[in-house]
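Take a look at the structures below.
One chain, chain A, appears in both complexes that follow, with chain B as partner in the first and chain C in the second.
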Partner chain A sequence: MERKEIFERLNNVFRDVFDDESIVVTDATTSNDIEDWDSLEHINLIVAVEQEFGIKFNMGEVTTMKNVGEMADIIEKRVK
Partner chain B sequence: MKELKYPFNVEYLIKNKKKIKKELLQKEGLLEKNIAILGGSTTSEIKNMLEVFLLNYGIKLTFYESEYNKYYEDAMFGNPELDEFKPDIIYIHTTNRNITLYPNMLDEEEDINKMLDSEYEKLAKIWDKLSDKFGATIIQNNFEYPYYRLLGNKDVSDIHGRINYINRLNNKIYEYANNHNNFFINDINYLSSCYGLDKWSNQFYWHMYKYALEVPAIPYLAFNLANIIKSIYGKNKKAFVLDLDNTLWGGIVGDDGVENLAIGPEVPSGQVYEEFQEYLKEHKNLGVILNVNSKNEYENAIAGLNHPAGVLKPEDFIIIKANWNPKNMNMKDIAEELNLGADSFVFVDDNPAERHIVESSIEGIGIPEIDTPENYIRIIDHNGYFEMTNFSKEDLKKSELYKDNAKRSQMMATFDNYDDYLKSLKMKAEITTFKPIYLERISQLSNKSNQFNLTTKRYSLADIENVASSEDYIKIYGKLEDIFGDNGVISVVIGHIKGNELHIDLWIMSCRVLKRNMEFAMMDELVKKAKEKDIKTIYGYYYPTLKNKMVKDFYDLQGFTLENEDEKGNKTYKLNVDSYEEKNNVIEVER
Partner chain C sequence: MILTSLTFLFFSIIVILIYFIVPKRIQWIVLLASSLTFLFYNSLTVSNIISVLIVLISAYFGAILIQKYENTKKSKIFLILTILFILGELALLKYSNLFIVTINHINNLFNINKQFNMVSFSSPIGLSYYALIMIGYVIDVYRGICKPQKNILKCALFMSYFPILTSGPFIRYDKMEDELYTKHKFSYDNLCKGLVRILWGVFKILVISQRLSLFVNTVYGDINTFNGFFIVIAAMFFTLQLYTNFSGSIDIIMGVSKIMGINLPENFTSPFFSKTITEFWRNWHITLGAWLKDYVFYPLMKSNFIQNIGNFFKKLFGKKVSKKVTLYLSMLIMWILIGIWHGGAYTYIIGSGILQFIYIFLEDLLGPIVHKINEKIGIKEDVFSYKLYQCIRTFLLFSFAMIFFRATSVSNGVDIIKHIFVYNPWVLFDNSSIYTAGLDLIDFRILIISLVVLFIVEYLQRKGSVTDMLFNQNIVFRWLVLYLLIFAIIIFGMYGPGYDPTVFIYRGF
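On to the complex of A and B.
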């Protein structure tokens, strides 16, 4: 899957989960950039992303992922 | 809302719950309640999902959420925020992660019994404390099974096994539930087995986020909980309306002929429909009434229902509409004839187009998205339409009651004068102060009545118990019986006393006994009771809702004078007790 497509789909998931149509995610986006992105919403975001791409993150991945770019890296590796 | 029916599209729900919530908040006439969630693990998403499911049932919740794993501290030692919150419902979300004492192989039976008692006592103390302090309804999870078995298959039978231990602990909880009225079990043991225990207890979610179940399982948990709560507040469905062809039997009776229908033990598809009919018939014993809405010639419908292998017979139904009218019209006619709100039905039809037309014209009606016949029972059942919380004996007789009413209508047709008809019914009423055996029914009635309800104030069983034991209220119920049968408790009035005034907080009557002059008999008694307490003035209130238009002039008819009416149509009435004239002359009253 192209990185561009991954980002398009990620962007839709973010907009749904945070109910905010103005969100545009980039490689550098972190929880500091989105107001409602707290640790509890993070869980729902992870679940929604997993379901969107039909993958499962493991614990190591979820704990080390620093920004949306790293999330996309993992997705890219998994869905090839 | 379609998305909020079982089976769920979990992905959609998790992503769109905020949008769904916004949309549901547009609805009018939401019932508002306070719920405290006391959790032994993370509860945030449980709260979010519960909120959405209950909005869909017309209940708007305000939440208190305990800090992470502070359920015990909040309950036992209190907390100013919780105290001030005054919960109507307290949900205790504990799981096997909160069990602190488990047996090991060296423990003697006696030690294990002690552990078990100590785990149970810890919970029982919480429940006693909470119900003393708040008088709120308590909902408690039972325990789900652990996801591993140290002793293998012996884990279930050996007293050292955790499965054995959890079963015993659960049994103690059930015993408490059976002995306490405002206490309900949220059966996560069953839910986790339906969902798949390995998935349910996905350890990723525990170690990452301290959720004791995986997040995609939360809609199932929240829905189950929402069903208990909606049932407590009288929002259960009351009746089935069933299609016939390919719903109650395989095949089309008009085309295939009765002898070629699939029903009965000979072939697999016949067995499926037979079991489905049995499942439906068992609902009669729960007070759920059965009706038919089918596109068929009437004779063919009856012939199909008389199939020798069929479990349901024509006499099992109250109303059978078999004609060629659009099904939404038939639905509305059935609702009118039974005097029930159209939203109190569950409509079962194998045809998605028919489901759609009914669903889009009747808001709030229950329509299971059934697919193939072998799944009918599971899909209907897991939607929790008839969740039993306060089961009263009256429910057992409901089918008969509706049949009696049909007979009364026939008899009415033979009289020219309505008073003569009423007299011919030889009605006898028992109208008196609340008695303990009826409190459950009284609470149920206060939650179910929408039409003949002046203030639409809802009372939980705990509320009713408070009213019953207080001297500050005049509280009466009415039972009505006639030559066709006993209607049971069908009317309730509660008023609070303030000096020599009485203010009527609640006036309700079941629509089963409309136009029988029961409301006059009730008022006669209320006034008598008021006089005994030296009341000089009675105040009555009418608060309009979408459903109670039929009583907007109730107090005018009772001889009260209008004191005040605001722009919303809320009305205050006044009655001078001394000038009251008795109105009932058709019902014999026992006090």
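On to the complex of A and C.
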């Protein structure tokens, strides 16, 4: 899957989880950039991303990923 | 060994001296030897040695095997086995009676004439702490957050580092590796800062907590005589007693570690300035909350069980409801676990578990509604008076839950609450009665002044480290504060008859 497509689909997931149609994520997007992205929503987001791409993150990745770019890297590797 | 005892004082001084005298590469061995001394100081029995070894050996080999079979099914099997070993021991030694009481209740309920007797197992000091710390360690290895420690003695040090055995904080291997095993140079700055922290902790425990306990014990010991407002005050005093005792212990632990150059995670950040119970728990026993979040709450929320329930509700009621259902369900499970961890009795499950869950649940549910009403009728929320009201409300709610935490049994807790409903506010103003509950006029004055000092320091703490603030002042002021603290402890500390240093609330959990 191309990175561009991953980001398009990620945008949809983010908009759905945070109920905000204006969200556009990039490699550098972090939890500081989205108001409702706290530790609780993080886990909801992770589950939604997993469902969208049909993959599973391991808990190490869940607690250590620093930005959306790192999330996309993992997705890229898994869905090959 | 009690943290405020002379034994611990001399023990720490000797450990710190040896720590800086020996060659730096064996500093960690000094820590290990002193930790083992501390661990078995009161209880060098075969059963204790075995139970310590079970946790150590299963975590040590578990972690190595988990990494060896990384990314295979076997890795997960070893992880589960290791956790089962450690949890099994914890459950057997700490929670057998909880299990027996529950079975007996169920038997009563169905008129089965079989009652089991309570058992009493001795468990090594710190088991509730290091069992969870080691479970965290093997999970971190499984998650690839850290590499397993190949040296079993170093692993043993991580598990038994003596300052944290009595009251925490919970530590993580990836954060502590550098602190525990690396070489530390003596630093005068660390010595001073560590000493101030220790003195502050001793002050909290000996001057405030011990004094509060006299009142609390008197009132809860005779609720027929001391009813109504006495209990209201005792309930608030107990919260303060618990806090000064627990956070004071943490101050001593952090101070001793600081002198050796070892930094530990903070466990409290001025919890009494919290506006909601949710916020309160972010500032109270922080490392336990963080442990549960990473190792219980997250995996639970991600689990198929919770996700399936979520999907079921999503189909019926939509996304918003399903989000809340999974959240509340996971939270309920987590709060019951917090209650159980605090002690194998229903009083803890109610006081520090279910009631806290109900508060947070109601806050989440009613918070937005109250906010809307306030907006409509024009009550400002962003002003000092409203925030003060919120802080006091949080304090009272927490104190109410702590009635169960302090009670000897659930029925005792209910009994105490019943005795609150006696209207006798005059005891507050009638000199002859309020001073009969364990504290006389002078003690009350000392207590109130110390509490004012405590709250000023707590307030300053929200803006940064008070020790650092103190050390930015001029030398005269610094020494003045230090001497005042030392004299306050010597003069107003409670060591006289009736002072029992064994009453450490967070010990033994």
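Methods note: the second predicted complex is superposed on the first by the 80 of 80 C-alpha atoms of A that agree within 3 Å, B and C clash if a C-alpha of one lies under 4 Å from a C-alpha of the other, contacts with A are read in each partner's own complex, and residues count from 1 in each chain.
Methods note: a contact is a pair of C-beta atoms (placed from the backbone, for glycine too) under 8 Å apart; a residue touches a chain by one contact, two chains touch by 3 or more.
Note that the structure is a prediction, hence the values are computed from the model and not measured.
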First, second, both or neither for A:L40, with chain B first and chain C second: both
Which superposed partner A:T64 touches (first chain B, second chain C, both, neither): second
Partner chain in contact with A:V13 - chain B first, chain C second, else both or neither: first
Residues of chain A contacting chain B in one complex and chain C in the other: 16, 39-40, 43-44, 47, 58-59, 62-63
Chain C to chain A touching residues, read off their complex: 139-140, 142-145, 293-294, 297-299, 301-302, 307, 319, 323, 327
Complex contact set, residues of chain B against chain A: 10-11, 14-16, 18-19, 22, 42, 44-45, 204-205, 207-209, 211, 215-216
Chain B partner contacts - residues on chain A that touch it in the complex: 13, 16-19, 39-40, 43-44, 47-48, 51-52, 58-59, 62-63
In the complex, chain A residues that touch chain C: 16, 39-40, 43-44, 46-47, 58-64
